[in-house]
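Chain IDs A, B, C, D and E follow the sequence of writing; residue 1 opens each chain.
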Amino acid sequence: MNFILDHYNYWIVVFLMMTGFYIVITANNLVKKIVGLNVFQTSVFILYISEAKVSGGTAPIVTEGATLYSNPLPHVLILTAIVVGVAVTAVGLALIVRIKRAYGTVEENEFKKMDDAI
Amino acid sequence: MSDFIDLVLLAMLALTGLRIIFLKDLFAVVMLFGIYSFLTALIFINLDAVDVAFTEAAVGAGISSVLMLGTLALTGREEKESSHSSILPLIVVFITGAALIYGTLDMEPFGNPDNPIHKHVAPRYIEDSPKEIGLPNMVTSVLASYRGFDTLGEVVVVFAALIAVLSLLGVPKEGQEKAPASGLKSHQVLRVVAKLIISPIILFALYVQFHGDFGPGGGFQAGVIAAAALILYALVFGLPNAVAVIGPRFLKFMAAAGVLLYASVGFFSMYKGGNFLDYNKLAADPVAGQHYGILIIELGVGITVFAVMLNIYYAFGNQVERSNIQ
Amino acid sequence: MLEQHLAALPILLPLIAAPIALILGRSSFSWAFATLISACACLFAWQLLDLALANGVISYEVGGWPPPWGIELRVDAANAFVLLAVSALSTLVLLYSKDSIEKEIEASKHTLYYTAHLLCFAGLSGILLTGDAFNLFVFLEISSLATYTMVSLASDRRSLIAAFRYLVMGTIGATFILIGVGLLYMSTGTLNMLDLANRIDIAESGRTINTGLAFIMVGVSIKLALFPLHMWLPSAYTYAPSAVTAFLASTATKVAVYVMIRFIFTVFGVDHVFGSMGMDLILMALAIVAIFKCSYKATVQSDVKTVLAYSSVAQIGYMILGISLVSATGLMAGLIHIFNHALMKGALFMAVGAVFYRVGSVDITAFRGLGKQMPLTMAAFTIAGLSIIGVPLTVGFVSKWYLVTAALEQNQWIVAALVLGGSLLAVIYIGRILEAAYFQERPDSQNTTEIKEVPWLMLAPMWALVLANIYFGVDTSLTTEAASSAAEWLFQNNEMPLGNQAEAK
Amino acid sequence: MLLLLDIISGILLVTGVFFGLSGAVGVFKLPNFFTRVHAASVTDSIAVILIVSGLVLQTPLGINIAKLLFILVFLLITSPTASHALAKSARHGGLLTMSELEKGDQEEKAPK
Amino acid sequence: MNLWQGIEPSQLISLSILLPFVGALLVIATGKSPNLREAVTLITAIVLFTVVLAIYDYISQGGEIGLELIELFPGLSISFEVEPLGVLFALVASFLWIVTSVYAIGYMRGHNELNQTRFFCCFALAISSVMAICFSGNLLTLFIFYEVLTLSTYPLVTHAGNDAAKKGGRIYLGILLSTSIAFLLFAVMATYSLTGTLDFRAGGIFDDSHNKIVLSVLLVLFCYGIGKAAIMPFHRWLPAAMVAPTPVSALLHAVAVVKAGVFSILKVMIYIFGLDELKDLATTDIMLYIGVATILLSSCIAMTKDNLKARLAYSTVSQLSYIVVGALLASSIASAGAALHIATHAVGKITLFFCAGAIMVASHKKNISEMVGLGRQMPITMAAFAIGAISIIGLPPMAGTWSKWYLTIGALEADKLIVVAALMISSLLNIAYLLPIPVKAFFNTTTGEAEPWSWSETREAPLPMLIALSVTSLCCLVLFFYPQPLIDLVNMIPGVSTQGEG
């Protein structure tokens, strides 16, 4: 029981990641693929932040009376990763806009038919 | 209590995620993603990661959703039925998930202060950074000083995204005649309110920018918020008006300048005899040097992020306007 | 001053040059500037390699913070060696791209292209030199974003889809790496690779670490296009502008291979990855399948760029095979092949780009009769093609020699035979193109008089690579010395205590 | 005194949450767009006022109270504006209110 | 021969390799003027021959010449080492290059071939790599120049540029390249990993400490890896390559390329395995019988061919196997015979090819059935053909006699009666497919019905060709009466002797 209590957080996060991953793989619509990618990444962020948590700790900003702080390092990493994520999202969406203009559709199976792309 | 909130939020996340899988209405999917991001931000707060929560709310729920909606305006909101089977993806996902679950079996208990993660590198940040850097916000200390190189990389990533979007979509031309459909002319209330709140938003952005050393916040959040203010302006008063205020060409320079500002701090410290980004060398007193360094690089970050986010929005907005005219 | 910062300069130069290039605005300015910077970086890389060969490890603490608290740049013979290849290729491709890009990309985007190129280069250098697992992820994303941009710049609309697919796959790969790094961090509390290596041994959470290893491996495998995760590569290489393909094919995947080497040898340790996890068998099997499946695929394509792209996947198989042999010689073969393959693929794709420049198509039918019309280009293609096949006195032979020697050393006779068998397929796919070029007549419909040699600025870098193909195929002392000391270093250096690095400098 | 403050703030918070929830229920239960916007926006405003006041009472005197008040003002301005914009756009887009719909129905029936 | 006295002996080697290479460059440089170009070719050929003679001179006085060029891999370099077998081959090749050059000038002009510059250039390159093969000091060097030879001759094979030439070229390159990469390279590297050296050493580098089974496998790999030796079933490239212009067929496919193949096999057998070690290997006999089968089968196939060059090609296949068999008999006399056969077969076969080319140039006929009665119009050519044929068959007073003699003795000594029988039968077959041609040409009269060509237009071939084929046919005679220098040279090869083991 203790084991479950200690780990349920990670398990749900894994489930979330896989939700995102599944959307990326199966989505036929490119926008949805990007959404899936974001869900996937966001879930990974939760994993990192979960690692950083210290029960009974406070946010890593020096406050009087607090002795136990959560680990600031994962926070820093995820700050970076979030920005990286939005950069990728922007590029992906820009590509989608162009694809729409070039092909008239953003459904993967439809433009696959139009070009014999490899 | 905290655990309970955590559990509830996670459950809501899971539901949102599942719903996204099955929804075909992309507009709803994007909105759900915004909700997902927002819930994540809540979880971050609950897990003591206030800076991250701030960023996630501004970037994930804010900018990302806006960009996705902009894309949807161009691509249509229905996902079509796909024909291919979903067994193989399921297997892949299942295996990946199983591997991860397997990995979690050996994980240290959630939130235990004795975990190795809290024992090795982090203690120095927590114990010494207030002395070495002189800032109460350890996240800012680590972000800007200990791992300043990462942050430089991150600014460059944002810059790279700008390059990508510009090369893909181009930017609106400055000084072009105003398109008839642009802006929300008929929404008088909106226009008044927008005028009212844009300046506080920018003020808030500046606060976040310069208060980041002490509380949550910093260059990223500030840049995004400032960009949001101008995005609001562009939405309400039309893209050409916004472009007239700050043109894409100028933004391009700003983005580059931000990166250069950041890097110049590094080169200056090299010139002073230290390593790249060694703020200790910037002033006679190392702590003061850290202060200067962090202040300037955060400014660089803020400038670049602001310029890039706004410019990306311009690029998308321009596409939407063009398609509206057609 | 320079000496002190030598390790950081190959990253920093292109990194700050990118925004400057954007500000410069005029395409010819930014081209000249980018080329200059790239050449400087190449020079520094050369010195760095010299220094690394002489002194062993060079460690550079960014921000003046000692690792593991700060980020460390860590240069050894192996990454300095790969860096030299990357920076040299970057310089040559930039020289080449002036004319090629003018033809293939619309004028308003030239500056953006050079900026993206510099960013990509900076990202690749960063990946190579950094000693920090998360920093690696950041630089990976810089280079990837720049790569997506460059791929999508082509005028063919299929390049958009190729870029998008690349983006999705690349991001999944990067996220997998992120997960892996997260798991490692969780069980050890550190991100510095060397520190990780030390602490992995004492960490108790074996299953978490193994999962982290698996995720990093899969993520890197996507980035390096290891079969069966290579699906993004052929289309991306085919539809990207020629100069981009030349650059990517010769650098991006190689850097990813190096990342794999780095994680296996310096972070997890050979004994762990190959000994207790049995990863070598998996890698070996995948590599061999890659060699045969993709070489075969290369023989049936009609688009020459696709042919070469599949050939790239197969060649990556050789590199991975070298790693999977678990010996210093095998690793050395892999490293040498990284360098050598950069030389040959760079030359090949440049030649193909030259054909595109004149003929406007890279279908195999477009090559007909080019042996007469573009003799220098096709001669370059021929020599580089022979190098891919592994004909003696070219670099391809050197790689193959070491690979087979390594396989025989391990008594893997079948593997050795398969390696040689794989090059037979290369004979076929290169032979088809050469035959079209030299023995088929140009169809009358096409105007043959217009097709002549490409400008010298395209020919010069192409031939520089071709000559390098021959030079390093004959005088192997530089490559073997660098690769062998790198390989030996990687092999012994599983437990170098953290404190040593300061002295090493 | 402190206890009194706690009690008052508790009451404020609970009522605020109640209004918030009722708004959520309204969004689900009400039949069409305009009624839903109405439910969401009206309850939202009151909930925000109540919750922020409750929080203010919990906070020691200082900058944080000013921050909370800023939030309150900001939300009070933006939330109705957003609802207004939504409703107006819907109207603009041709959506009809319930009464209009009924009228329309009757007119349709009448000729028969 | 005193010509090169002043030069460091080791430089003679590099000279012999560089000369044709420089010649090739000069040929390109002078490509605009045919006369100059051909003069360059001829002069280079003659100078080269004098260099080889100088080397021969030096070596026959017991001198040793070695040259180490560049270290390709640590401990492995491109190095050269002169030994008698190589000198023998170099002598043959460089001498015949002169003759062939003369012949080629006539042929190429007579035939109005295109791309003559490319032809002469590649030709010189091929010779350059042959010289390198001759003097190679280790297996790696041998392998490298073996590949260079393949590649430099590919343009020659496809010279005509038509579909047939391309098809031939594809088979040529495909078989040679793939066997060399898949088998030979593998065998070379396996050898290296087993012994740590690739140097040619008297008595071989393998000894009893090595696993016999592995060595047996290696033997097979070497035999098939050296695809130029054309052992069945990898002989197809040779007939395919006959699409090349006749001088190419003559020099490359009677002398340089195929002989480089069997030379390599001989060299591997003698210097890598060592004749003693060879005897103990299980696969030696298997390969031996495959060689025997190749001799017989290709002779039979030769009989069915009407195209003269194709017939000659299959004859070459069978003759090459003589040498392979000689090497695999692993007796010193047989090896001596094999080495001699390199020389004797070369002069014999090149004569035949020259004649075939002469006939083609003069009468544009390729098929044997159309050559009936030709002897009256082209007496010199046909006489030379007869001489060459007799030499190939191995009848006195022609050079071929000697090598066949030693081969037979060797087979007898090794108690391989089957081989002896095969040699005899093959000689008979040779008679059957070669002799009828001159015989019909001289003695048959055409039955006046369908005259395939107009007799009046058919004359002897151009003078350079006639000179060339007379010289080689003369050589066949001379080598029968004065074989001593060659035999001496062969006897200098360690472990090989015309005197037999006793």
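Before moving on, here are some points about what is shown:
Going forward, a residue touches a chain if its C-beta (ideal position, glycine included) is under 8 Å from a C-beta of that chain, and two chains touch if they have at least 3 such contacts.
Worth saying up front: this structure is predicted, and the values here are computed from it rather than measured.
Taking the definition of touch as given, a chain qualifies here only if it contacts chain B and chain E alike; those chains are C. Note on connectivity: the fewest steps through touching chains from chain C to chain D is 2.
Placing every chain at the mean of its C-alpha atoms, the farthest one from chain C is found to be D.
Sorting all chain pairs by how many C-beta pairs they have in contact places A-B at the top. With centres computed from Cα atoms alone, the innermost chain of the structure is C. On a Cα centroid basis, the chain most remote from chain E in this structure is D.
Chain centres here are Cα averages; for chain B and chain D they lie 29 Å apart.
For the pair chain D and chain E, the distance between mean C-alpha positions equals 99 Å.
Centre-to-centre spacing of chain C and chain E amounts to 44 Å, using the average Cα coordinate of each chain. Distance between chain centres (mean CA atoms), chain A to chain E: 70 Å. For chain D, the set of residues touching two or more other chains is empty. Among the residues of chain C, those in touch with two or more other chains are 134, 138, 141, 145, 148-149, 152, 179, 185-186, 191. Among the residues of chain A, those in touch with two or more other chains are 17, 21, 30, 51, 73-74, 77, 80, 84, 87-88, 91, 95-96, 98.
A complete list of chain pairs in contact reads A-B, A-C, B-C, B-D, C-E. Here chain C touches chain E in the complex through residues 386, 389-393, 397-398, 400-402, 404-405, 408-409, 413, 416-417, 420-421, 423-424, 427, 431, 435, 439, 474-477, 480, 484, going by the rule given at the top. Within the complex formed with chain C, the chain E residues making contact are 70-74, 143-144, 147-148, 151, 158, 161, 166, 169-170, 173-174, 177-178, 181-182, 185-186, 189-190, 192-193. The touching residues of chain A, when paired with chain B in their complex, are 2, 6-23, 25-32, 34-36, 38-39, 42-43, 45-46, 49-63, 68-80, 82-91, 93-98, 100, 106-110. Chain contact summary for the complex, chain D toward chain B: residues 74, 77-78, 81, 84-85, 88-89, 92.
Per the touch definition, chain A reaches chain C in the complex via residues 17, 21, 24, 30, 33, 37, 40-41, 44, 47-48, 51, 73-74, 77, 80-81, 84, 87-88, 91-92, 95-96, 98-99, 102-103, 111, 115, 117-118.
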